[in-house]
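The block underneath contains the structure these notes are about, expressed in structure tokens.
Note that the chains take the letters A, B, C and D in the order they are written out, and that residue 1 is the start of every chain.
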Amino acid sequence: MSETAKLTYGGAINAALARCLEQMPETLLFGEDVALPGGVHGVTRGLRKAYGERVFDTPISETAMLGAAVGASMMGRRPIVEIMWADFMLVAFDQIVNQAANVRYVSEGRLSAPMTIRTQQGNSPGACAQHSQNLEALLLHVPGIRVAMPSQAQDAYDLTLSAVACDDPVVVIENRTLYAGAKAEVQIGGPIAPIGGHRLRRAGDDVTVVTWGAITSSVEAAVDATGVSADVIEAVWLNPFDTDGVLASVRRTGRLMVVHEANLTGGFGAEVVARVVESGVSLSAPPIRVGARDSRIPAAVQLAKAILPQTDDIAAALRSLAAR
Amino acid sequence: MSETAKLTYGGAINAALARCLEQMPETLLFGEDVALPGGVHGVTRGLRKAYGERVFDTPISETAMLGAAVGASMMGRRPIVEIMWADFMLVAFDQIVNQAANVRYVSEGRLSAPMTIRTQQGNSPGACAQHSQNLEALLLHVPGIRVAMPSQAQDAYDLTLSAVACDDPVVVIENRTLYAGAKAEVQIGGPIAPIGGHRLRRAGDDVTVVTWGAITSSVEAAVDATGVSADVIEAVWLNPFDTDGVLASVRRTGRLMVVHEANLTGGFGAEVVARVVESGVSLSAPPIRVGARDSRIPAAVQLAKAILPQTDDIAAALRSLAAR
Amino acid sequence: MEGNVKDEQLADLLSMWRIRALEETILQLRLDGDVVGSVHLENGQEAVAVGACRTLRPQDAVFSTYRGHGWAMARGVPAEKILAELLYRRTGVNGGRGGSAHFSAPEYGFYGENSIVGAGAPIAVGAALAAKFDGSGRVALTVFGDGAMNQGGVSEALNMAAAMDLPVVFICENNKYSELTPINDMVRNPDLSARAHALGIPAVRIDGNDAAQVATAVGLAIMTAEHGRGPTFIEAFTRRITGHYIGDAQMYRPAGELEADKKVEPIVRLKNALAAQGVAASTLEAVEQRARTEIATAAERALAAPLTDPSTAREHLYV
Amino acid sequence: MEGNVKDEQLADLLSMWRIRALEETILQLRLDGDVVGSVHLENGQEAVAVGACRTLRPQDAVFSTYRGHGWAMARGVPAEKILAELLYRRTGVNGGRGGSAHFSAPEYGFYGENSIVGAGAPIAVGAALAAKFDGSGRVALTVFGDGAMNQGGVSEALNMAAAMDLPVVFICENNKYSELTPINDMVRNPDLSARAHALGIPAVRIDGNDAAQVATAVGLAIMTAEHGRGPTFIEAFTRRITGHYIGDAQMYRPAGELEADKKVEPIVRLKNALAAQGVAASTLEAVEQRARTEIATAAERALAAPLTDPSTAREHLYV
């Protein structure tokens, strides 16, 4: 049944959602402007028309939306709810952390919350401080939920399906700067993969670079520009995180760099570094993290550039690490 | 003007709040049940009577409460708002992360939000999953706010004053299991210290243990029980975090252990480990983190014990680290 | 009809006595140290749970607050399983993971307590949303306090249910206090039902100390939902005749209030009403005794059950 | 009196033209690529800002949404500083850190836009709370959209202001849409003011395309606040005659709606009214011209100013 289609990242998500709605009658798809208008980024276009009332618009009520997803999923539906910007999760974070994450554990497995939260995050040129944050680290400190973060069309398709099929709450973090990018061949219709795993974007011997999200392409560019021989591991699943995969690479390269768009302090890069060094694997140089400077994100593009990690920053760090 | 008084941890906070209300006329103190009833833990007892309308009760509206603190502080007041349990922040996290934290930066310093959020966190026997979390790591990933976490009466007094006097938003995370503990001599009335710094609870040569919050006493007990010669650094200020102080110790001991009650993955222990290893300081053994197992917190005491780090767990980790 | 009413009243009395005995037993277990932590009793508020739950159908789903032991019992959860839960026994509804304030028993249509004020309301909306698609005919009932009306998520839930015509029964147990603070100091308009009305939701204010009145209101709400007309809001006036939590000294109560409240509490009231109808004191006595015996037996069994094994603590975080 | 009215109307017309010209200039700058990112214009809604802000006193504080350029200008922020902000110039009110959707200019009583729906309302409550203690006599005015009424924080803010009698003016600009979704699909009761009323807040529904009506309502609200009677809620009906953001294709609009809206938009309406009173076309023309010239000059200056130096990007995170 598997075939390929030329799809953008946004188109791949749309295709995955369509397949979910088609093949899993218990799915629901809702959020602000997702149904009749097809989403502010057009990702859910056409789905209302094709799947009717299971696809619907909601009031601007993130707490009610997320709570509704928790309740509906407890009853055996498989809601897919869109939070338009990850920043907006914060008005309703209780429903993720105190509610969804607790359902299975506290009920001793008698209940579950097979819901998927789709959101997107990060800076785009001119976006204000309240529309620019990278908040995966907040979610990754919360046991009971899963987190995926695709940056390529194929992964956007695959991870969306795996998330919706997962019987636990999953947050899929997309990136709006990718939605309307170039089209790529996407394998569609194949079997739904279980959650977890990473993608090896470059293979090399001297450095292991772990990264995730839209910045992956900057990492690839930096590796290519510097000519450093590096494994580039894109952690498309951050929970579960493929620690073993990272360790296997670091054991070979002896050098670790972690790159994320989120600000450094308390970012998930710290966790990756901690896991690697705790493992006792021997390193030939201290690990390096590259992330946004600890700051709010200014709207001004030239200021935001000074805060957010640029390809040059990554390249410089990579060179210095490889040289040590 | 400095004198000493015998105070519990809760009493020390009460004394600090009284002094703030007395000496800083721009302070306001509010929250659920804090005024007429004196707080569900009695920490704010007597303050309404002594300071009148500046101390008041609010509806169960964390978003409005925190928003009100943001707005009042933008206007030059110095609000002190109580969030009864840290878990409840999550219904209103937007007002901390997207609002308070942005005020100074986004306005280019034209506005500020000198507000203090007092809350308390952690497990106590029988507390349910929604009243047991240790959430400091979420706050520590947010540039623009400060975070303090006292575990002793003197620090509770001192840090509360420093927080209220600070011209930026500060979250002071208390612990309800400490409020009504033994009384201790507390120096009151002295000068208000600037924010930052750590406390050295034990001094030793072989291991550096970094910890914070109520679990500090378990760390001390573990150090005493094992007889390991260890620096015990209590990070009473987590933002700003005294990285230099930690590095100075680790440079001497060559061994690092971080202990927190929060669950391990994505906890701030990872940040401490990452900073230390990134610094290039040479370690004679891989660092160790001790924290709660990644789990929700069950109400059952015997189950919670299996999740939360116990003195024995800390001691075992300490012994194994010292032996390597 | 009259005989039926009396039977119904006697049944309500028994149900209320069961809850009262349960709560009193829990109080004693807490004072004895068998139960630990924060415990919220619903003494005085039993009529709301009893009236509502005897009206619900098997397919309906209840979402309560931390003050939920009685709701669970009214929904049919055996007292023994509730007590075992509070005692962290293997036989507890969640093996002790929920404890007093956060347990669930979906097999009885009790979808759980919630210890975040107001958080159950949006979740109930979700259960109702599911009903729109799953053919269950489910109505979701969520109960919360007067104070919870000031939590934004409750407003959101009310509006979403109204806008989407979802089958939800919102019950606000107005017991005059939110923890230690009078609700009337925290609102300008003491008519909380007006908020639901403003959202286009049929809203009634009823005597929550009268199980029959509660049952009537909930019955109408279910019919409304069955007809596809969406949510109903019920503001049920009641009084808790104990503290907010065990240990609450209730300093905030004006002199005489508690005594007055105890005169109109639902068990006393219903007993008086039945006595006035000629029911013998011995019959009323027997009802109480039956409930007390049941609960005592349940407590014994719960106490005798083994504690949940700590080695299971890490299970069920994920599938 | 009649002469005064006419003068006031001409002044309003000028203020509205200034905003319109500002927004049109911003649109052009955005299309030219000088301005980047998401931009929300308030074309068609100018009368609300103009009527409200000409009524406010210097000590009052305004909290708007992302759709706030016009509010800032009506409050007295020079167009040049707003444009410079959107162009990330050193001379922008926040040096470009706020940008189109999140800037503030407290020196003009403009305490900022907010890009989180509804989040400004609780903050305004705080500004009003401060006024209770600081002797400023400040009234806090917060404006938000129809859709924001469904955000729980707004309900919380309304209730807290009411319960505490705080001097807040809540203005809901009901422009019929929340982004791409009609508000009437998202509520059961289209009368949003009913929600405030239910909380005990005086609430009016007015024609928001008539600056004079807005001014009257805000004037009464200020007096109410001055007398210690707390908040007022104003639901101002208006229409945006552009997209939600620049680039919005407005597919969600029924045929003919935009054309109809344009016939009742505040500038057209006021021009017609003035013409009917005998004001010469040339006078009306001159008002527009004056505004356009001012804004054009402001844009030139803003464009000529230096970009904010990236080396300052890390300043002002903390004191």
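Operating definition for what follows: contacts are C-beta pairs under 8 Å (C-beta built on N, C-alpha and C of every residue); 3 or more make two chains touch, one makes a residue touch a chain.
These numbers come from a predicted model, not from an experiment.
**Student:** By label order, what chains touch chain A and chain D together?
**Tutor:** Of all the chains present, those in contact with both chain A and chain D are B, C.
**Student:** Could you tell me which chain lies farthest from chain B when each chain's centre is the average position of its Cα atoms?
**Tutor:** For chain B, the chain whose C-alpha mean is farthest off is D.
**Student:** Using the average of all C-alpha atoms in each chain as its centre, how far is it in Å between chain B and chain D?
**Tutor:** Measuring from centre to centre gives 40 Å for this pair.
**Student:** Starting from the mean Cα coordinates of chain A and chain B, work out the distance between those two points in Å.
**Tutor:** About 30 Å separates the centre of chain A from that of chain B.
**Student:** Averaging over Cα atoms per chain, report the distance between chain C and chain D in Å.
**Tutor:** So the centre of chain C lies 46 Å away from the centre of chain D.
**Student:** If a residue has to touch 2 or more other chains to count, which residues of chain D qualify?
**Tutor:** 95, 97-98, 102, 114, 116, 119, 150-153, 156, 159-160, 163, 185-187, 317
**Student:** Provide the list of chain B residues touching at least two other chains, using ranges where the numbers run on.
**Tutor:** 58-59, 61, 63-64, 87-88, 91-92, 94, 98, 102, 105-106, 128-130, 143-144, 294-296, 298, in rising order.
**Student:** Thinking of each chain as a vertex joined to the chains it touches, would you call that graph a line, ring, star, complete, or other?
**Tutor:** Basically all the chains touch each other, so complete.
**Student:** In their complex, what parts of chain C are in touch with chain A?
**Tutor:** 61, 63, 94-95, 97-98, 102-107, 111-112, 114, 116, 119, 121-134, 136, 138, 140, 152-153, 156-157, 159-160, 163-164, 315-319
**Student:** Which bits of chain B are touching chain A when the two form their complex?
**Tutor:** 63, 87-88, 90-94, 97-98, 101-102, 105-106, 128-130, 133, 137-138, 140-144, 239, 241, 262-263, 265-271, 273-274, 277-280, 286-289, 294-296, 298
**Student:** List the residues on chain C that touch chain B in their complex, please.
**Tutor:** Going by the criterion above, the answer is residues 35-38, 66, 88, 95-102, 114-119, 147-148, 150-153, 178-181, 185-187, 251-252, 307-308, 310-314, 317.
**Student:** Write out the stretch or stretches of chain B touching chain D in their complex.
**Tutor:** Touch list, chain B to chain D: 26, 28, 53-54, 56, 58-59, 61, 63-77, 79, 92, 94-95, 98-99, 102, 104-112, 143-144, 146, 166-168.
**Student:** Can you list the chain A residues touching chain D in their complex?
**Tutor:** On the chain A side, the touching residues are 32-33, 36-37, 40, 57-64, 87-88, 91, 124-131, 293-296, 298-307.
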